[in-house]
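Read from first to last, the chains carry the letters A, B, C and D; within each, the first residue is number 1.
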Amino acid sequence: MNPSPIRVTIWNENVHEQQEPSVAELYPKGLHGTLAERLAAPDLAIRTATLEQPEHGLTQDVLAETDVLLWWGHAAHDKVEDAVVERVRQRVWDGMGLLVMHSGHMSKIFRALNGTSGKLHWREVGELERVWCIDPAHPIASGVPEHFDIPYEEMYGEPFMIAGDAHVIFMSWFEGGEVFRSGFTLQRGFGRMFYFRPGHEAFPTFYHEEVLKVLANGIRWLKPTVDRPYPKTNVPVSLEPIAPKDFAFCKVGIVKG
Amino acid sequence: MNPSPIRVTIWNENVHEQQEPSVAELYPKGLHGTLAERLAAPDLAIRTATLEQPEHGLTQDVLAETDVLLWWGHAAHDKVEDAVVERVRQRVWDGMGLLVMHSGHMSKIFRALNGTSGKLHWREVGELERVWCIDPAHPIASGVPEHFDIPYEEMYGEPFMIAGDAHVIFMSWFEGGEVFRSGFTLQRGFGRMFYFRPGHEAFPTFYHEEVLKVLANGIRWLKPTVDRPYPKTNVPVSLEPIAPKDFAFCKVGIVKG
Amino acid sequence: MNPSPIRVTIWNENVHEQQEPSVAELYPKGLHGTLAERLAAPDLAIRTATLEQPEHGLTQDVLAETDVLLWWGHAAHDKVEDAVVERVRQRVWDGMGLLVMHSGHMSKIFRALNGTSGKLHWREVGELERVWCIDPAHPIASGVPEHFDIPYEEMYGEPFMIAGDAHVIFMSWFEGGEVFRSGFTLQRGFGRMFYFRPGHEAFPTFYHEEVLKVLANGIRWLKPTVDRPYPKTNVPVSLEPIAPKDFAFCKVGIVKG
Amino acid sequence: MNPSPIRVTIWNENVHEQQEPSVAELYPKGLHGTLAERLAAPDLAIRTATLEQPEHGLTQDVLAETDVLLWWGHAAHDKVEDAVVERVRQRVWDGMGLLVMHSGHMSKIFRALNGTSGKLHWREVGELERVWCIDPAHPIASGVPEHFDIPYEEMYGEPFMIAGDAHVIFMSWFEGGEVFRSGFTLQRGFGRMFYFRPGHEAFPTFYHEEVLKVLANGIRWLKPTVDRPYPKTNVPVSLEPIAPKDFAFCKVGIVKG
């Protein structure tokens, strides 16, 4: 008997596709549509959601049925309602996996989970990005070559404002002279997170074989691992006996002393 | 010539002191008042701020003149305006130090910077807490003994939902049978953060010599270290030449492929 | 078709069992024999090795056929030959999992992989150890309760000299008043490592259900994940062209300047 | 009154200088001599030591009087006696700072403290290295620009086998297409460590202003911070009472069960 498939929701703000013909030409079904198509596999049950839907398509029910959430946003970070961000944050803390792509580094959810600004340097001239794998032993690097090239990408450069426990798997070299930590994992609460840099809307990055391989590996690795909720936080009865104490005396004595 | 003093702002929600006579008796000037008094030193310029003040006393000007912010909150976390939390978060990213005490583990700012829920187990029976120093080489542990006892404290127990890059300096043993990571540092952006567990309002913890020593060390360690702002994020001109590329061909070719 | 079993080698110095009748009575087949028996499972191919064997039973061939190595040592750390330690270290770097138990914290291999002294505080009076799980989302914690008690154990107390990237899964509370990071993982090179504290030879700890559960989980998690060796280190030909440079001028010019 | 100066020992294997005329021409007093000259400052008391001296110049007395040790080695790592490496390792654990440069990544001491192989990719054609500062808030980055170029250096490329708690301050971009984590700190025991990549013996890197600035900052940051030795490890008397236990029954009961 096969295990039940991983329930994946691909979220995309879907703004550039509607405003820029060149993007629409590259991704006629939207970035989310292309990703859903290219990542399709028997062990995945994929659905998509976009900004324009009610509650951005991320209702309590949808999230409750999502094991791994992919996130692509750029032009409309501030249009994402705080209540939805809080809902996603809570689901990650409870165990849901989250894969943030490219310009999602400035999304509310990325910043909320890193605890950082997400700032970086950037330049959009369409330059060569070479992605180096620096932890070949990580499951997300499985089957990924030592390095691979993406011929036309936006540049992201250091310093990248991310959390100190980012476990870096990929680092990028850019034709124009910069370097970047372009793929890293985090744990927040009971959930895992993976950030992967490539994926500019103006370039065909989401048709790139190695990029898709990394995303595919990422989804499998992000599958929830926890088997319980966080337990009741108040534990009024102690496991060990508490010696009686004279509080009144203590307080007055120390305050006056 | 002496260096200019570290500008410290002690923030306290100041709610228990007004609602519970026993707390008012213990801390007649408020927790913030007691801390300001007990932490006073020639190298510190200390002021206080409380929830009830306009903008909670944390205006842009006050924060701009604050090197290290201390934070005590408990009953009114949700009364703290999001705009003020955002302002503090930004200041930490720019280099300000932040020292969160005790029940501040559920404050908006603690959760925003850890990226976690801040959840823990707790019990309020007034039990012995023994604080162990697990990194005696850290400047915050300077002059602090291997372990010290606080005779009456609230219990906080694991699992404590904090970021993975928490550098743990203190761990607590509780009479009732629990353990806790009770003192840790984080870096977020250009700013440092220190969390210290002891400090329940119903007990005279802020008169405890070793607790005050740890807080005093913490303030000195949290002094900003950065000598510059984050630079301009867009760098349109590359340091190295970019080879010309035929985008049109690339896009169509790959999409059709 | 089932995947091939994980090849496990349980290494034990096997000294106390031969010198102390009470230990021999508790573990008549040696700690390694009891562990092999109690950890037996269809997905594991377990063998044992001991100090007294040629090359301590850890020949190049044995290690080459070992996916996960368990290590128990105490009285004879200095009897372990450096060449064998080096061989184990190299295998971990290449991807083998290593599970170090209890007093193995002072073994040469534990210190070599942590880069630390492994020092801690200890007391042997047979006291209650309560093990708290602080990362319930980790696969090694799967099915392990929030906390469990071991009625008679040796005490290990902080500060425990381990590497800063120790990912702590378990923390212990001791009846006598100490705390300890009693279970943590590390990655070194391409291999994973797990340290688990309980397991004093004078107590029946290795018959304890929860302890066995943690060890069983640990073995599965330590299974090698890497799919390649470290590549050739010298890469004389660059991927990008190198501009010609006038070294002679450079050297002299700068030296004189 | 000024604080006493930081006692610095610069260790150099001093082999290339004696075997290769071009290196001797660049560094007529040896790499150690040049570094001692260029790093000289009123708050530093600098001495040097080399491989050919008795005990490599690192006697117990010399190390006891060293606050910060700089290490340059390449051609003769295996000539360094294990006893001296052990002595240095112990001193770092006790609080001494250690600054390892360039090819020291394969030295016994670097590998012993990281717990890793130190492997990396390399190419020696004299190419441009651009060093990016990714943590401008770190004291070692104080006064160092956002990035600086070294016109002729050996290339070191990822994956670099170092410990997971490496706090990366600098990352390098290489003309030939590689990236590298070229400056990072570690804590091992009570001591701090800093690794800095640039410094190939065939190039005038140690006359480079920014390189010298980083090394100078590193030395100040590596100054020992601990105010005590590790305490006695055996603590036979507990702080809390231990309930009496019937060991005989326990052992037999569980073994038979």
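The rule is simple: contacts are C-beta pairs under 8 Å (C-beta built on N, C-alpha and C of every residue); 3 or more make two chains touch, one makes a residue touch a chain.
This structure is a prediction, so every number in the text was calculated from the model and none was measured.
Asks: Determine which of the two chain pairs, A-C or C-D, is joined by the larger number of C-beta pairs in contact.
Replies: Higher C-beta contact count between the two pairs: C-D.
Asks: What whole-Å value do you get for the distance between chain B and chain C if each is reduced to the mean of its CA atoms?
Replies: The mean C-alpha positions of chain B and chain C differ by 35 Å.
Asks: Between chain A and chain C, what is the separation of their C-alpha centroids in Å?
Replies: 31
Asks: Measuring centre to centre with CA averages, how many angstrom lie between chain C and chain D?
Replies: Here the centre of chain D sits 25 Å away from the centre of chain C.
Asks: Where in chain A do residues touch two or more other chains at once?
Replies: 130, 136, 157, 159, 164, 177-178, 187, 189, 230-231, 239
Asks: Have a look at which chains touch which and call the overall pattern line, ring, star, complete or other.
Replies: complete
Asks: For a test of understanding, state which residues of chain C touch chain D in their complex under the given definition.
Replies: Against chain D, chain C makes touches at 22, 25-26, 82, 90, 93, 112-117, 119-123, 125-128, 151-152, 155, 157, 159, 161, 163-165, 175-178, 186-189, 203-204, 207-208, 230-231, 233-240, 242-243, 245, 247, 250-251, 254-255, 257.
Asks: In the complex formed with chain C, which residues of chain A make contact?
Replies: Those in contact with chain C are residues 95, 130, 136-139, 142-143, 146, 187, 189-191, 225-228, 230-231, 239.
Asks: Please name which positions on chain A make contact with chain D in the complex.
Replies: 130, 132-136, 157-160, 164, 167, 171-174, 177-179, 181
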